[in-house]
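To keep things clear, I will list the structure first and then write my remarks on it.
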Amino acid sequence: MNDITDLEVREGVDRETVETVANMGSYKYGWDTEIEMEYAPKGLSEDIVRLISEKNGEPEWMTDWRLKAYRRWVTMQEPSWAMLNYPEIDFQDQYYYARPKSMEAKPKSLDEVDPKLLATYEKLGIPLKEQMILAGVEGADAAPADGRKVAVDAVFDSVSVGTTFKDELAKAGVIFCSISEAIREHPELVQKYLGSVVPPTDNFYATLNSAVFSDGSFVYIPPGVTCPMELSTYFRINAENTGQFERTLIIADKGSYVSYLEGCTAPKRDTAQLHAAVVEIVVLEDAEVKYSTVQNWFPGDEDGNGGIYNFVTKRADCREARAKVMWTQVETGSAITWKYPSCVLRGDDSQGEFYSIAITNNHQQADTGTKMIHLGKNTRSRIVSKGISAGKAQNTYRGLVSMHPKATNSRNYTQCDSLLIGDKCGAHTVPYIEVKNASSRVEHEATTSKVDDDQLFYCRQRGMDEEEAVAVIVNGFAKEVLQALPMEFAMEAQSLVAISLEGSVG
Amino acid sequence: MLKINNLHAKLEDEDKQILKGVSLEVPAGEVHAIMGPNGSGKSTTSYVLSGRDGYEVTDGSATLYGEDLLEMEPEERAAAGLFLAFQYPVEIPGVGNMTFLRTALNAQRKRRGEEELSAAEFLKLIREKGKALNIDADMLKRPVNVGFSGGEKKRNEILQMAVLEPKMCILDETDSGLDVDAMRLVADGVNALRAPDRAFLVITHYQRLLDHIRPDVVHIMSDGKIVKTGGPELALEVEQNGYADLLSEVA
Amino acid sequence: MADTAITMRQVTPDIAEGGDADPALSARLDVLDLPAGGFTAAARKDALARLRAVGLPKPRDEYWRYTNPAAFNAPVPDPIPLAEQGPDSPLFLERKRLTLVFVDGAFDAAASDDLALEGVEVGLLSTADADETHWSGEIYGRLEAAAQERVARPMAALNTAAARDGVLVRVTGQPSKPIHIIHRRKDESADVYYHHVIRLEPGAELTLLETGMTGARSNFVAEVDLAEGARFHHITAKRAGHEKLGWGGVFARVAAEAVFKSFTLSVNGTMMRHEAIIDIVGDDAVAHVAAAVLGDANRGPFHHDDTVFITHSAERCESRQVFKKVLKNGAKGIFQGKILVEPGAQKTDGYQISQALLLDEDSQFLGKPELEIYADDVQCSHGSTTGAIDETALFYLRSRGVPRDRAIVLMVLSFLADALEEVEDESLREEISDRLDAWLTRHA
């Protein structure tokens, strides 16, 4: 029996395909929660920025920081270089702040949180009770017997509903709380690091976020500490016509380690919703951060109505020697994805990795990839991107590998593969390669092809229907990335692959 | 069990008739061989029966236990009990052998209205079958056919056969690319699977495989038709005199 | 079509915004005495309108991301002394060929052969332009204009408006020898524009050799129209003129079963940009574009930009882009290559490789190898590598007794081999290879 368990674990990543395929259904998280909300008036102005700051009980320096960003933002143009085609966004026709009324008086602990909110997360498979839980996995019969703890920060529209395991984390010196709480409780850390990776002037969406971000997560891992559990944030957009602008700041001090998971869903609505987040990660000497995302925003319906417009700036700064960061993303949702999680490899011998699966079906469009900016000596980066395009979708990998003159003896390896399912979709690869020193080596490979007919027939001859066969082959195609995810996430991602491709064949 | 009557098929894209009236019947428990020169339509027969794209049936019928195979999708034929051991088993990078086989088995079971196997039950089954066929667990963990030697690929086909337990097994040139030892291993696997309720159709160019898998009936195929049917001695005749003699005699 | 709209918005904001009144462009045009043209008059007028619509290239244009267009935008080039001849004798002189000599972009009849070659009609833009019914009227400026629909290429439009000379070659048969165009310089400050039109009728074949340098600054366009089953091979070898400043664009339309192949050898040049824009419009056609670039910036800046855009709009076609750059002493190599597969261009086989060998710390390679694919049954891939010479291999050669300098030359030649393979004719390939060997040995 012992060796069987052994084998199951090793096979764990893909053994869920069967259940997945059996459970295939359309977007599972499309319901909404009826709850009384409090909104700021529609539109954006200095007053709205002040209001958001005030609602969060922020000190003056923070209000000023936001206002500076806002004033900058009004002078900026929305970028148009991505291969994305969407109707013009009216930034004045959005709510920039929405929170459940029950959150007005901040609950002191999760016990005081509105049961409706807790039920929402329960339904999403994210129980907010402090117990042995498996992030984001419903009915996973493969739970390891010794279930792992995952601390969760749950963000509902504009506010953080609650954060679990805070006390236990505090014992290890780890700070895990909402960013609004961090601004109040840990101003010295926030002031030192906020905007130091993604400056408020960085780009149109990041600047917008800097002005209006309402909540998000804050993580600080002190020197030498290995975070005792995985941390996760679960973002839920619920309110209509409401943008979500969360801000995440993760600081891994010298020699520390943390694995961080991010999940997101939104109700099915037939109008598009805006999401413009910023994630900043600071990695100091010898520290390591793993950041995994399973992005499952509502992708819009089969005719391309509704869905989330996702414009996200994520960047990690390996600020000191031997810092290490790994981005893993599974992008299945969103009508529009504009997202380039990047690594600035500043410290000597620092390392950046980017593993991505982007699946687009129906009318979805994704323009996503990464930037690896090599500044320090002996820096290493690796990019593995798997794009799958079906229906009438457009899927673009866009990436930059830059070796600065001083980044001597550095290495990059990039592999970008695209798979096309059907003849109405598109798959594109737009890599930028900039090598400014000769001792570094850069290798880039990219392929585009369709699901192999022989593989398809082989699977069908063994009894799988076409959709199952495609799901199996696509999971194989994306295996290298799925393996980079924490196990529970990998299983969820695997199911998502199949669900996302529903209706793409035949 | 398997009844093929006057089967005509052509390539979908070209006006080239390949099968020109194949008729044969394989009863349960028997092993039949189809032999014939290159280009006679042997492999096409296996593809048409299993429903590969690219062929158009222009006339005739093929049934398995009275069910019309030609109307079914490939996976429906598989669930109905038809198994094709490929001449060139396909490599599927990234997909573990175990996952592949479990997905296939449960898909077939589901289609037949049978209970699906849990991970543990499946593991037990595959270990049992693997052991019986002398296939080590390491091979099961690797991606489907990727990096397998020719012999390993064919043994993997036999393992799949053992796990899926089909009624009607078609072996398409299973001996191609195998040395004598590998061929013996594969043949042993097939022989172990012979059963009163299972039939085999062994497609081969050479007689040598039939030394190891003894057929009950041998059909000689030429230019898209079965031109002669007889006992195992027919295979020996081909071995000794070649196809030319036999075919001229038929003509 | 929505897809095109995306591309348009991405690369040609100026067209979309209807930009005009570019003072730099006015200054640029003021010093040019634009010909009125005969059969080309309408095409020249259209080209000028296009140019005014998009303006001169700007450093912030995505299409000029890695090459600053300032030197091409300046109204007049800096003069370059004529003294230089370089240590190499010109290439291809020993073979049978029809020689056409251009001096600073103008045909030199005295130095050229008679314009007679069986199966080929050779004309000149300078003399034929008066003929209102000339066959090339259907092509002149038209392939260039079609290519502007996806990406604004102001330099090419400028050429169509400004060029006074060039060859007009129509091939109906399979000539026994290649045409060899030799460029020479006479005026140290000449700003040269020339424009070739090449039309191969069904089943026709032509090899075109082009060597030498021209002007203080050059701008050339070749429009190549290949009918069904035609085969065209263009081999260009740029002389070792170090100060050279040039922009050139080849615009090809490739019909069913036709074969287009080009190979360019570039050795030095201050600021060079070569564009190849190839539209594969017929089924089962083939297009290969290759280049070997050697840049040694020890005597001043070296900047070489290859920009390629291959569009597949037919089925079962094959395209290959093979670009190899060897860079030294701070030389800068650029590659922007794109494979666009249109909806319905099934069974496309597209391949692209760009590689740079950096022989010292200061050199740079900047690349943007792109795929844009709207058909599913395709095999498209690209690869790009950049790095230094492999020390292990170098050591292996040396341990077998090859001196270090020679070992490096051998390794560089092997690095360039894939690009050279694209020269079909073996004797031509050998001649070019020998020339490369000599250059490398001299610069080792």
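Letters A, B and C mark the chains as written, and numbering starts fresh at 1 in each.
Rule of thumb we're sticking to: a residue touches a chain if its C-beta (ideal position, glycine included) is under 8 Å from a C-beta of that chain, and two chains touch if they have at least 3 such contacts.
Chains and their UniProt names: A = Iron-regulated ABC transporter membrane component SufB; B = Fe-S cluster assembly ATP-binding protein; C = Fe-S cluster assembly protein SufD.
Because the structure is a prediction, the values reported are computed rather than measured.
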{"item": "Common touching chains of chain C and chain A", "value": "none"}
{"item": "Chain whose average C-alpha position is farthest from chain A's own", "value": "B"}
{"item": "Distance between the centres, which are taken as Cα means, of chain C and chain A, whole angstrom", "value": "44"}
{"item": "Centroid spacing, where centroids are CA-atom means, of chain B and chain C in whole angstrom", "value": "55"}
{"item": "CA centroid of chain A to CA centroid of chain B, Å", "value": "47"}
{"item": "Chain A-facing residues of chain C, complex", "value": "2-3, 5-7, 9-10, 13, 62, 343-344, 346, 356, 358-388"}
{"item": "Contact footprint of chain B on chain A as seen in their complex", "value": "4, 7-8, 10-11, 14-15, 17-18, 21-22, 141-142, 452-455, 457-466, 468-469, 472-473, 475-480"}
{"item": "Residues on chain B engaged by chain A in the complex (per definition of touch)", "value": "50-53, 73-75, 77-79, 83-84, 86, 89-96, 98-108, 110-111, 116, 118-120, 123-124, 137, 141, 143-144, 160, 164"}
{"item": "Touching residues on chain A, where the partner in the complex is chain C", "value": "80-85, 394, 405, 408, 418, 420-450"}
